[in-house]
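The next block holds one structure in the form of C-alpha cells; read it before the comments.
Each chain gets a letter, A, B, C and D, in the order it is written, and its residues are counted from 1.
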C-alpha cells in the first residue's frame, strides 16, 4: 500500500473528529485567517485559536521574544481580543470546513468557567482547550497546571461549565506529568494536550538584564522536542483518554514520533512562524510515511512504539 | 493591543499583493561597502510589492542540510524588484549570527522566503515635499519609496542618508541615480557632512513649504526625527525595525508601544507607523 | 581597567577555594587526565570527576547517545571505575595544583554515605558533589532529587558521612527547584549545583524504537541553557549557600549569564566533547569580560542581574 | 566496562602522536564518485598519525557564524597526510546531516578538528599475508594501512573493496596505485565481481599461507568477516564505526559490547579491536 491518499488519516480527539491528526497550536496560528495566503486550512485537522480571556487584554511591553539555541523564548502574556470579539469577529472570518478548537486561559477558576460557558453552543467551536499554564494569582503565581489540587478544581470548574469536548493543556513545569494527566482524566476531561512552553530565562550580558521585559518566558521550538516526547509518552501510558502531542515539531518525522509515543493527534507551534505552510506539509507527510510503511490507518501508529517496558 | 486600530494615514493598506511562502533561489550575494551585502534572489510566484514592505528570510536552513539554529527568520525590507521575473534585491548589514550566515549565501542555494509583508508607505499630499531620512540599515527600507516618488514627480524629494562612515552608506549610488536631492552625513565625516543625519533634517525643515517626513533607522534616530517633525508640525511616518519571529501578525512578538496605551504589531500594523502614535518612551 | 590578568577571579564554592569559577562537569571530563593533551588543567577552577559508586559498574548497552536539536541525549547509566580505583589509580594521575571534586551516585542512601566516607580524608579530594539525579530503586525509580523527603534524607546521610565541602547536584525534573535548594541548605549542604541533564526521549521512526537502549536519557547541551538559567536564578534567590550553574554553556558569555543569575561558579559539560579546550577559553573569556566592563572581582558579577523583582 | 583491558595484539598503542585540538583550514572539498567527497585540510600543529587513527570534525560551526545544530562532531578516519605541512586528507560519504554540511565546505573556511585519535593497526607477523577487507565508508579507514604495508614489502597485501556500485568505491584509484593485489566487488556488478566483498574474502582465505585479516565497514559485513576468519582461524581485527560524541574516551558513548561482558570504548580502546573480542550479538 503506497498511496498516501488511501491512508485513513481520521482521528478522534476526545469527541473532536479530526480529518487528520495535525492541529496548529494555540498562540502560534492567530485566529486562522492570517494563514490563508500560505495554506488551505482544510488540509489540517484543524487549529487551536489563541487563548481567550473574558475581557480583551493587552500583553507585555517589548521585548517579548528572544532566540535561543534551536528555541524561541516568548512572554506575550495574556494578549488576546477577548471571548466576545472572538465569537463575533474572528470566528465568522474562518472558512467553512475548518475545525476550530477554542483555547481559554484566565487567572481564576470562575473566570475560566465563564469563558467556557460563553463558547458553549457557539457554532464552529468544536471543542475547548484549557491552558493550565497560567499563573494562579491567589497562589502566588504558581501555574494551575503545577498543583494537582488546583488543576483538579480547574478541570472540575470547566467540566461543569461546558458539555463541549474538553482538552486540558498541561504545564510541562512539573515533577510528575503522568499524575497531572490522571487528575484531568479523573475530573472528566476528554483529552489532555502537552506540552506548553517550558519556563525559561535568557540574559543580555551587555545590559545585565533579562532579554524579556517579563523576565521569565516560555521556551518552545525544536530544542524542547525530546522533553515533550518523554512527557507525552509518560502521559499516554498513564491515562486512557486521548493525548495530543506538542513540542518542537518541525516536520512529518517529528509528528510520527509523537504518534508512536501514544499521541492521538499533534499540534504544530513555533514552526508555523518559520514556515506558514509547514502544518499542511506535515499532514501530507504523515500520510506518506504511513503509506510507505503499509499502515492503513494512522490510528494504527498511535502508541506503536516498540522496545519499551509494557 | 493586538487589534489596535492601525494609525490613520501613516500607511497604505489597499491593493497590497498577497504574500507568498516559497524557497527563493540565491542569484548573487555581493559585498556592498562596509559590512553591507546585496542579496539578489529569484522568488517563485513573486507578486510584486509596495515601498515599505518587507520579507522574512530564514538563514538557518541555508546550505546542505536543514538546521534549527539559528531558528528564526530575519525581517528584511524589499529593496528593489527589477523586472517582472521574480528577481528581488535585499540590501542588508551583517550585524549578528543570522546576517552573517546570510552573507555566506552561494548562488544556487535556496533560502526560505515569506513576503512581501506589512503595510506600505502612503504617498505625500500633492502639495507636500517628501523628506526621506534614513540611518544605517534603515536606508534599505526607504529606497523603493524614493524611487517611486522621484518618478511620480511632485514638489520634490529630499533624501538624507546617515551612517557611521562613507563605506557604510548602503545603496548610495542607487539613490544618486534617482531624480532626488541627496544629502549624506557620516559620523566620521568621511563622506558628506560630519555628524548625524538628524542635523541635515533640521536644515531641510527650515524651508517653509509643506513637507512629509519618512524615516527609518535606529530607534534613537527615529525618535529624534519624530520630535523635529512634530516641532514644525510636519506629518512624519517611521518604519520600525523591531525583532520579529513570524512577520505576519501571529506571534505578537513585534509589539511597539503606542501613545495612550496598547501596542501596534510592527509586522502587521506597520512596519510603517505614524511617528506621533508611537510611545517612544516605552520603545525597547 | 582593561587588563584581564588584573581581575580577581577567585571564588569560594561552599568551602572549596577555586582559582576561577569555571569547573568541568561530572561525566564530561572523565578523570581529568584525558584532557591533558588539549588543555592545561590548571587554567580551570577545577573539575568534577565522573560520578562514583561503591563498586565498579558497567553501563548500558549501546546506543547510549543521540543527537537532538542543539542537544545531546545520553544514557550512560552508572558506568564508572568505582570509588577505590578512583582513589588509587585515577587521582594520582591528576597533575598537582588541579582542584578535584569527587562526585557520588548510588541507589541507596547508606551506599551514598559509604562512598562519601571513603573519599573523606583522601588528599586531592577538595569536596564532594552528590548526584541526586539517580533513580531511587525502592521508590519505584523516582529520582532522589525529585522528592523533598528523599532528598532531605540523602543530604542528611551524606552530611553525617563527611566533613568535606558538600555540593548537592539537583535534578531539574521538578516542579519547584527553589524548594529543593532550600531542603539542601536546611540539611547542611555547603552548596548546590544545577542542572543535571533533563529526562528526555528520542525515537527512530524507521525502527519504531527509542534511539537509546535505555529508552529514556538525559538531555544536555545548548538546548537546555535557558531552562538551566531560569532554575539557577530561582535557586540562587531561594538560598544563601553558593550555587553552581550548569547547563548548555558554550562560551564565556554563557558563563557570565549564570554568574549574573546568582551562580558563584559554573560547570561546563557537553561542550567539552565538542572542543576539549573550551573550558580554558571560558575561564579566560570571563576575565576578559570583567576587564572590559571594569569589574575588579568576579564575585561582583554574582547575582548582579538588574531589572528583576527584588 | 570503560576500563576493560584493550584486546591484546589488535592495535598498536605505542608511540602514537599526541592529538591536537585546532581550527583546520579547508583547502579543498571535491566530489569523489557517488556520494563521496575528498576533503583536504590544513591542520596547524599536525603531529602525524598512524594508520587506523581518526579525527573528530565539527560540521556545525562551518561558515559565517557558530551554530549548535548539528551539535556533535563527526568521526572520520585520517585517510592520508601527504607532506609534512599539516595537509590532511579525509574521504567521506554523505550519509546524513553532518556529512551533508561538511560537503558544503569552502576553501578558506575553518572546521574544528581534534585528532589524531584512537589506536592504530598492528602490523602482521613477518610471515603473514595481510588481507584488507573494506566496505562503504570503511574503505577510508584502511587506505593508510594498505599504503604502509605495501611499502614495507613482506609476504604480500591483498585488498578487497566492496560497495553498492562502482561509483561508490571511494579511493579506488589510490589503492590501484599501490603495490597491492586489489579486488573489488559491487552489489550491482558495475565494477569487479558482482556481490558482496565477503565472497572475495572466502576465496582469498582458501590459500593456505598464514594471513591476518583487517576489516572495516558496515557491522553486518565486519561480523561476517570475523566469522570467516575465525572459521579458518586467522587473526582478524576490525575498525568499528560506532556513533561518537567526544572521540577521546570521556563521554562513554561509543561503547562496543565485548564477549564475556563489559564494553570497550571504540574511540579509546579502538577503533581497531580484535574481532574475536567483540560480542557481535549485542552490537547495535
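Quick notes
Following the convention adopted for this analysis, contacts are C-beta pairs under 8 Å (C-beta built on N, C-alpha and C of every residue); 3 or more make two chains touch, one makes a residue touch a chain.
Values in this document were obtained by computation on a predicted structure and should not be read as measured data.
Under the contact definition stated at the top, the chains bordering both chain A and chain B are C, D. Residue-numbered contact pairs of A-B overlap by over half with those of C-D, the repeat interface among B-C, C-D or A-D. Comparing the chain pairs A-D and C-D, the larger number of C-beta pairs in contact belongs to C-D. With each centre defined as the average position of its C-alpha atoms, the distance from chain A to chain C rounds to 34 Å. Put simply, the C-alpha centre of chain B and that of chain C have 47 angstrom between them. Distance between chain centres (mean CA atoms), chain C to chain D: 35 Å. Residue positions of chain C touching 2 or more other chains: 68-71, 221-223.
Residues of chain D found to touch two or more other chains are 66, 68-70. The touch graph of the protein chains shown is complete. Remark: chain C residues 69-70, 222 touch chain B in the complex. Across the complex, chain A is touched by residues 1-3, 18-21, 58, 60, 66, 68-73, 112, 114, 242-257, 261-263, 282-284 of chain B. Within the complex, the chain C residues that touch chain A are 68-71, 73, 146, 173-176, 198-203, 205, 207-210, 215-216, 219, 221-227, 229-230, 233, 248, 253, 256-257, 260-261, 289, 304-309.
Of all residues in chain B, those touching chain D in their complex are 63-70, 96-98, 100-101, 103-104. Contact residues on chain C toward chain D in their complex (touch as defined above): 27-30, 34-35, 37-38, 56-59, 61-72, 74, 76, 79-81, 85, 213, 221-223, 250, 270, 272-277.
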